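Take a look at the structures below.
The two complexes that follow have subunit A in common; it is paired with subunit B in the first and with subunit C in the second.
Here is the complex of A and B:
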């Protein structure tokens, strides 16, 4: 029933949409970034942030401040907001919101598994995990020796279980395996999320499919670039691409056989939306690609707010806030290490 | 008009005369000067560094230090409230300490407190571990005994305990007591420990999966709550014992235990060893408890000493922060030796400010004095009304609608009386009025005590408006006496009733009515009318007409105030083309109605006023017949109608056209003038904050605005008059509601001869009176009175687009909630 959401959307979703739009207006503005970039010390940053919505989260921090504290507190605010929204949400919005966290969950699983592989302390690893991707038995991940155990012991209880069907092997875990596992999981997750959004229908499906397709394509490009020069075969590489998105299926075929960054570029330039991204980057360069992709993503996420009565705003808000925290982290790092000239290298402005 | 000119100046009607002033303060006396100004609290400094972000300002370091100090103070407050110490602010110790000293002292206290916290934290952790160990010993011992009894003797030999790898210092005493026997064979072993109750289920499942079911899990609730080291809350815990076999399984289980945050403690096999261990642990526990208690006492003492000073410190830091925030608003002059500030102050306060500044420069031994002088201003000054304890609440009521434009007529002056009065017209019952009076008197008599403490949001509101409530109650009593209602019961206070029944049984009072046999009742409504046939028609007619009279007079007052405003600002245009047609329009229609009402009351005529008013429009020349009230009525009506019709275009058209004419005249021949004036401006006074903006005259906008205004007034004249009928409607509703409660509850219950029913009836009556009539009805009458003031009265003259005068004042700073 596309186009008729306006009739009934507000019954369950109206309050939360208002909340999320309110949160969105609390994102840091251009002048905030302007001021932040002029800070001399982390205390200046704290002082400036205390005038924003981050104020209550930072005001009780003792003064020699660390970048990690800033990031931790800012993330805490995002988590608090997310939890509030999740508490208020009804089906299917609550499922939608939970879907958003699965990505963080995958990252956390990979982080813990890699960490244990390198014999790190579990508690230390747990502190590094994103709080949105936590689940009960996450610490037990350290027990597992191979994929099969990982699945059977721990992940079977988590929502990630269905995504695991493709990567159950008895091989011992190593870095390569884990990376493949991450991408396989991510592929399954994106596809599942995509199907879920399609099932919701309406504007949610329309906007989310656009956003998720962009995400899938970006991952495809990243996988390709990262796997250039590794022992990953073409077929294996091909298997890691999500089965939707603008590049699917012909772009994937071409990406799978790409051997260097310029080939990737020539593939991508056939797609008008990505042409502009690659147009910003000079030949042979992959460093700035991340930033270009982030900028494009932020633009799309902001556009999601232009339409009403759909769930993509929640996704977009979480992503934007995350980007903002990334920006804050970068700025505070630069300030802390006296590299202020490099601030603009990685900050993606959100307006 | 001559009469108005001779009136004394109306000081209370206008906000204070404000002036824009500039202060130039040498740096060395800046801090003292600003803090003196803060004590005085009569100068509002403008932020001259608006384009600078907070950390680029001059005194950012001091602000940061204050922020850091207030963080420490918040930390102390937190600790104090956690420790459950009631802070008794002791005003006795008013020793003056300066900021540096305070800073040092605060960080000392913080370090001390943090150390104590860390120590007690450590102790507490040890204590918790021992406590857990004790619980495990008690519970797990039981399992083991049971297991031993059931197991085959051969197997039991192999059972042995495994050490958890935990190398906490708490376990050192255990090391000599139990030595694990080297396990040569893979037999049945066990691990015992304790885990959060909430995690227990997943823990068991995980163990089951990890060992593929080759384990035996035993658990029992710990019975005691143990403090969680992370959150500091008490949590329910469960003691468990896992039996398993094999070295690999042991590693796995230990890892899982670690992952789940379960603490493992070894339990010796034999009963005697267990007993011995339990004794030792208990002994140590009691020792630790003593130590912990001592530590707590010490900490509480330290906290109590902080608590006694905390309030003073908080105030002091707040003041300092306020001073530096204000200093940050000032600009450096070219030489960097002086700070320059601009701001508003009431003109009357200039000498006071000057004096304070002089004191400041003397006290700080400054060589150079502080310069304080006036500036020209082109922006609208802030609005500042001096209020006292009595008028404050009324001013708040007006400000809630909008802060008055600078030197605009202040409706609060009239609201002091009209607001409670209109309320009382709707709430006329002297019984209820007495209750309100009692309530407000309690608030007023305990003013000192209540004012100093924090109240709930509702009480805060009632307390803030205590004088409003007092006046409302007094007027309610007055109106109640006129309506002759005491909890809806009429009383014969002012003499004998003028009416009597037709016969002795008085049964036909409802149907046939009463007979008048003497002079009318001297004050208010005749008590005998209650329940008679003519009661409702009479009261309705009385209250309706009264509402219209009150409404027309209040609206007229509003329009007259707009005249005073126009005269004050010297705008004859507004007088001629706004005030005059408005006055004529309103009074030719509704003023006339009010006149008819008064004539009807005086003459006792039977004329139908609806008819008169309606046919005045429909058929102005028709014969009035029996509705004629006075000679020449028809001619007067035609004249009034014509005046009203003329008044509409009068207020609509001339003003915008005249404005346009004035505008074009002003700019005629200015083509060469602009350059000259702008140069002259620069020469004239470079210091003045002169921000001349070119006003564009947009005729269509002005015209549309005037059209909206006129239409609003014309339609509003009708609807606002009708709106005043709410006075009648609410008063009717109030009296009917209280009659229902009185007759259907109290009298009904009184009819029974049972004490219980009577008491129950009385209770329900009291409850309904208190909550429905005294609280809800008060609220509704209050809101309606508020509306009548905001819309019907203030809409006639009030702009309300000014901004409040917010001086830098320590007193306001201290009141501010943090």
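Here is the complex of A and C:
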């Protein structure tokens, strides 16, 4: 019953909600980002970061530092926090936390399959995988030749198994198929997550519906823009859109027939929440679209913390941390390549 | 003997009603206090890991919840002093019934007022702990809300005591 969560939420979730809110207070603020943007070298960045919550993770790294090391250690912090929360959680929070990682699993699967297709070494690929999306049999993905084998050998034992029913074909894997596979899996995952949150009900369902709908719509726009000019047919494109969200179903009809960015823009401007995003970028320019979407996402994620006694704070925290790691990666790369003028192109401030 | 519900109710001994009232006054008040304490306590423990400074101040929320249980105990003790024996010929007199019902009502008033008060203070205490961990200037302001919340229990106690003051059993001599 919506409105009465406060009476029973704290029995199982009170401690973890307080912990995740404590973690949120450790996110980097605008003044931290200002300091980081003024750095000249990666060692300066390391020094500034050791004054924040990342201190214990970075202090043992020897100089010279690489940008990948910085990102790796920051991700490690996120993984540690996540594992701590997961082992303390009871049902249904533990299922909810596991759902958050399925997206990373899908990305890892696609990474390894693509890498194998381009004949890279399996060990090298495993190191690049996101640690939150690891599962036991991931190394055997390199053996599979087509999707049926992929499913039968590896994925049937993982939580991703139910998402495969829509995309099993016997064709061999190639770049186009893999992208379609990625998007089909992600679509099934988002719908599954959405239904799970609806079953939980209450404030969790309400807030997660909003966050997941935005995610679904953003992916729809990205799929549309990335498939303009490729050989993806309109029907195939329409099959990749999720069946919930603001754009469902009429927006999807219009997006499926869009052939360039201005048409996409005219479709999106009919929806007031997305009008503000598209107003920020001028005609014909799509590079800033990513940043505009990230900013809108961060705004909505911060709003999830305004309410107490629901699970969406966990999801919001993981996403905000991810955004912070993206910011740190961008700043480190700009500093390492001496292109500090471009730092503000892609950093999204959280506070 | 016509069989109607009102007949059935007036045949129940007033002592039953009085005893149940006393049980509800202490039992439900303690339920409210315990509920409030666990709501506050779980958030307080989690928030204090990142911000240890909040622990001592936020125990006030727990104390407000505990006060609710104390009100319940006090009223239960007062109510049980109101129980007097009447000769068996007078047990179903209107005067006796009135005394029994008064003690019962007093117990219910105090019990449920304290239940709601305990819940209210507990939920606010949980939000207070989480906000204090982020921004310590918020603590005193949220405490004012808690003080208003704990006044609810006091209203219940006042009305309960007034109610029970008029619980006079018929005199022993005819």
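FYI, the second predicted complex is superposed on the first by the 351 of 351 C-alpha atoms of A that agree within 3 Å, B and C clash if a C-alpha of one lies under 4 Å from a C-alpha of the other, contacts with A are read in each partner's own complex, and residues count from 1 in each chain.
Basically, contacts are C-beta pairs under 8 Å (C-beta built on N, C-alpha and C of every residue); 3 or more make two chains touch, one makes a residue touch a chain.
Just so it is clear, the model here is predicted, and its values are computed rather than measured.
Peer 1: Overlaying on subunit A: subunit B and subunit C, fit or clash?
Peer 2: In the superposition, subunit B and subunit C stay clear of each other.
Peer 1: Could you look at A:51 and tell me whether it touches subunit B, subunit C, both or neither (first, second, both, neither)?
Peer 2: Only subunit B; A:51 stays clear of subunit C.
Peer 1: Take the Cα centre of subunit A as the vertex and report the angle out to the centres of subunit B and subunit C, nearest 10 degrees.
Peer 2: Seen from the centre of subunit A, the opening angle is 50 degrees.
Peer 1: Have a look at where A:19 lands relative to subunit B and subunit C in the superposition and call it first, second, both or neither.
Peer 2: So A:19 only meets subunit C here.
Peer 1: Going by the contact rule set out at the top, does A:7 touch subunit B (first), subunit C (second), both, or neither?
Peer 2: Only subunit C; A:7 stays clear of subunit B.
Peer 1: Examine A:243 and indicate which partner it touches, taking first as subunit B and second as subunit C; both and neither are also allowed.
Peer 2: Neither partner.
Peer 1: Scan A:165 for contacts with subunit B and subunit C and give back first, second, both or neither.
Peer 2: The answer is neither, since A:165 touches no partner chain.
Peer 1: Is it subunit B or subunit C that touches the larger share of residues in subunit A?
Peer 2: B
Peer 1: Scan A:276 for contacts with subunit B and subunit C and give back first, second, both or neither.
Peer 2: Neither: A:276 stays clear of subunit B and subunit C.
Peer 1: May I ask you to decide whether A:43 touches subunit B, subunit C, both, or neither, giving the answer as first, second, both or neither?
Peer 2: After superposing on A, A:43 lies in contact with subunit B but is clear of subunit C.
Peer 1: What is the contact status of A:230 with respect to subunit B (first) and subunit C (second): first, second, both, or neither?
Peer 2: Neither: A:230 stays clear of subunit B and subunit C.
Peer 1: So, A:122: does it touch subunit B (first), subunit C (second), both, or neither?
Peer 2: Only subunit B; A:122 stays clear of subunit C.
Peer 1: With both complexes overlaid on chain A, what's the closest CA-to-CA approach of subunit B to subunit C, in Å?
Peer 2: Result, nearest C-alpha distance in the overlay: 11 Å.
Peer 1: For subunit C, which residues count as touching subunit A in their complex?
Peer 2: It comes out as residues 35, 38-39, 42-47, 49-51, 119, 123, 126-127, 129-130, 133-134.
Peer 1: Using the touch rule from the top, collect the residues of subunit A that touch subunit C in their complex.
Peer 2: My answer: residues 6-7, 10-11, 14-19, 21-23, 25-26, 308.
Peer 1: So in the complex, which bits of subunit B are touching subunit A?
Peer 2: The touching residues are 53-56, 60, 63-64, 67-68, 71, 74-75, 199, 202, 205-206, 209-210, 252, 255-256, 258-261.
Peer 1: Quick one: which bits of subunit A touch subunit B in the complex? Just the residue numbers, please.
Peer 2: Listed in rising order, the residues of subunit A that touch subunit B are 34-35, 38-40, 43-44, 47-48, 50-51, 59-63, 122, 136-137, 139-143, 152-154, 157.
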